[in-house]
Amino acid sequence: MARRVLAPGQKRVSAGGIAADTVTVLWFVFALFPIVWMFLLSLKNNVQQTSTYFGFTPTWTNYLTVLGGKGEQLTSVDFKSAVLTSVLACAGATAVSLVVGIPAAYAAGRWKYRGSDSLMFQMLSFRFAPELMVIVPLFVIYHYLHLFDSTVGLIWVLQLVTMPLVVWILRSYFQDLSPELEQAALLDGYTRVRAFFTVALPLVRPGIAAAALLAFIFAWNNYIFPLILTDSNATTVTVAVTKFLGGGGQAYYNLTAAAALLGVLPPLVLALCIQRYLVRGLSFGAVKS
Amino acid sequence: MSADETAAPPSVPAWRRGLRPYLLSIPALAVVVGILYPFLSGAWYSLLDYSAGNTHVKSVWFANFADVLGDPGLWRSVGVTVEYALIATVVETVLGVGVALLLNRSTLIGRVLEKVLILPLMVAPVIAATMWKLMFDTNFGILNHVLGLGHTFNWLSKDHALFSAILVDVWVYTPFVAVLVLAGIRSLPREPFEASDVDGASWWYMFRRLMLPMMYPYILVAVIFRLMDCLKVFDIIYALTAGGPGTVTTTLQINAFEDSIIHFDYSRGSTYMFLLWVLVFIAARFLVGVLTKAQKRAAGTEG
Amino acid sequence: MASLTLDTVSKSYGRTRALSEISLSIADGEFFVILGPSGAGKTTTLKSVAGLEPIDAGSVHIGGTDMTAVEPYRRDVAMAFESYALYPQKTVYDNLASPLRSGRTGRYTPEQQRTRITEVTDTLGIGHLLERFPRELSNGQRQRVALGRVLVRPAGAYLLDEPLSHLDAKLRAAMRAELKQLGAMSSTTTLYVTHDYQEALALGDRVAVLREGRVVQVGTAAEIWSRPVDTFVARAFGQPEMTLLAATVDGGRIRTADGTLDAAAPAGLDRGPVLLGVRPRALVLGETDGALRVRGTVRLAERLGRLVELTVHSGDTDLVAVVASVDAPAEGSTVTLSVPPGEVHVFVGDRRWGSVAGKEDHDA
């Protein structure tokens, strides 16, 4: 690959520039093709899904089948209720993480106190811990507490995904905020609580939005927790999508593609909303854009 | 100056001030404990002979570890996990840095395509694997058709399955490396590059001597995240091959899943996970140490 | 309005000692300036008074009440931060209204708020900026808004942290002249922190000099100027700095090694090494009666408007003198400089002993 003219400020050499443009385009063909192909596949009927590649008669019926009742009869997957579960569980998990995480992130960002570093490291270690280590005992505990296959159970276990994200991102935002702003508010005559709500909180609003949306996205995209800790009652979108390919009988490639695209849509839309803050969120606040 | 004109304002003793951050952390701590409890139970399970069929659970101390460590199956899955993690991380890092450098040129094409750079990253890994599985299909898959491989090439065969899984991982996560590194490059100071441009330095020299050392912390953050995540890979492989054919793609988490969830042998699965956790923990500690040093060095060169 | 008392206040950040037993007592309505180089603990002292930095030991009294452990919002003090600390999400008007809306600085109807704000912004020359956001202001404008947020409200004490440092030179001089005349300021106890000795001398009813977390000297501007307690204080005041010459007291004479200065030693000064300090403006051209004389060649003559700064070389030493430009000799010419013995400060072991004219009582 002849990548040239890359350093900031360097003039463009046209031959190298064209080569670089070509490679750039090639990358994006690779990156976008699967999504485009899924879209094409989702528009094919049951016959054409295996008999055609690019020449076919498009139809929207697969989406209606997936979202409507018919998909349920064909594949025993209730996609509509999976969407509902996913929305409830992910929004719930994000909300819990925000309520619990904002004060902790504020404490960790404002004060250096004993144990703050270990609490933060503990949070990060959850991000990197193998999920099954927690799932296996939870599998047992959930059966005992009747939390198996429930939205509440999902909200609890998804804290593993959402909590480290919220706390680490928001800590970095609170650290960036000059403590003198709140100090000024204290001297203006506001209590610490009012100073927090009128000065600190509005200023980290972008951080909260980024953390909340990313938490929602990653909770939505999670697969292993709902796979093991839920059954037909609280199936999430990710689990539902894989079920369209399920063993035996007819393979519904076209329905799978339609479901996959529907399952991918919410994270994509949300990610585009927070593109400016995405890098900082993805790196847990380590890289500022 | 009369102190007794109004009542003395209430004092807040130092110990009560010191308590504030702890009070604010209590709810988070409760959640941490709520997660830590099953986590520690998991560690405890690895010392028991706990399975769904066993009614008299008793402690077997380190028998599970002896059993698991003596099992060639474990070492096979350790090998698969490490191979997967290393290859995926290296490929994603190299490609990610490359894509970032390409986009940094800020040409018209680059600026348009940058908007959609993160798209694959937002696709749930399991859905990504499902999508690729459709494309990998030997008979109807688009890949064999487009690449002209006929109806014989099997992407998920014994020889190719692991690399196909890595390919999916690369598709999803290369944008992750790219956006981090791109943000890093854009935060670099311009002066050194302009200076060496004036001096007539070659692009390769600028990249190696100036850009790479300054980007090092950003690349490292990306590598840490990718390596840690790859070590516990589950979604992509489970959806693509479920560990097969045979055991060629059975990573540690897949192995633990089979033992504890499919065969209900909780203790054996937990033992696997405990070993994986140790692996991840050591890697995390090591990499966090390297990261801190790199950040200090970057601060030195930039400040 | 309130008096302020700091009693042996100490504060450490980890192992770094920021304040060591600071004791100050500031009278009701006094304009008190704290002067010191960066890192001397000036800001920490202010924040200790405000209650923003908890102190490790000692006590803070405001208006005679022990406020050591009282929350900042109950201390009835206002502070202008060096970093301005303006609320970025609020307009200038809302920034200024913030202390008036908290309910702890008195009750104000919206009209009363507007009256107060307009009054202050007119004085500070920022009346046209009310609807702007802090990010749309220059540093000098931000600094005046920060000052305005203090002046707009009544308070027991005003704490001002380098409030003029980011203004351009002309505006700074104008504001310095105006600051003390401001109605609110003239009646309210003010603790003013600066690293600029001119501000300290011009504004302070009294001045405290801070160094490495300790109070080196407290006194009126005149006292500190004429009787600096040690070479640090002596050099902190005056531009160009006081020239310090190493000299020896021996056999009833006090002289530098090269003989540039040679005078009768004042009574009571022990034999041994001393430092002689001469302020550039104490030196005059020509010979005056009863003065010490120095002959030398002009190495450098730098014009500073009406004045010329001369570097005069004599023996092995360079002396700096500031003279009127009409009298200024050319570079390379030979001149005689005179200085009255009372203007030649004598430092023994870094501390001021007196002058060549004799020992003075420091407590006078």
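Per-chain residue numbering starts at 1, and chain names A, B and C are given in the order in which the chains are listed.
The rule is simple: a residue touches a chain if its C-beta (ideal position, glycine included) is under 8 Å from a C-beta of that chain, and two chains touch if they have at least 3 such contacts.
It should be emphasised that the depicted structure is a prediction, and the values quoted were computed from it without experimental measurement.
Taking A-B and B-C together, the chain pair joined by more C-beta contacts is A-B. Ranking all chains by how far their C-alpha centres lie from the centre of chain A, first place goes to C. For the pair chain B and chain C, the distance between mean C-alpha positions equals 56 Å. Per-chain Cα centroids separate chain A from chain B by 14 Å.
Multi-chain contact residues, meaning those touching two or more other chains, occur in chain C at positions 71, 75. Here chain C touches chain A in the complex through residues 47, 50-52, 71-73, 75, 77-79, 81, 83, 85-89, 98-99, 102-105, 149, going by the rule given at the top. Taken in their complex, chain A has these residues touching chain C: 178, 180-181, 183-192, 194, 199, 202-203.
Those residues of chain B lying in contact with chain C across their complex are 1-3, 8-14, 17. Residues 2-3, 28, 54, 63-71, 74-75 of chain C are the ones that touch chain B when the two sit in their complex. Of all the residues in chain B, the ones that touch chain A in their complex are 18, 20-22, 24-25, 27-32, 34-36, 38-39, 41-43, 45, 95, 98-99, 101-105, 107, 109-110, 113, 115-128, 130-135, 137, 139-140, 142, 145, 171, 174-176, 179-180, 182-188, 190, 193-194, 197, 203, 206-207, 210-211, 218, 221-222, 225, 228-229, 231-232, 234-235, 238-239, 252-253, 256-257, 260-261, 266, 269-270, 272-274, 276-277, 280-281, 284.
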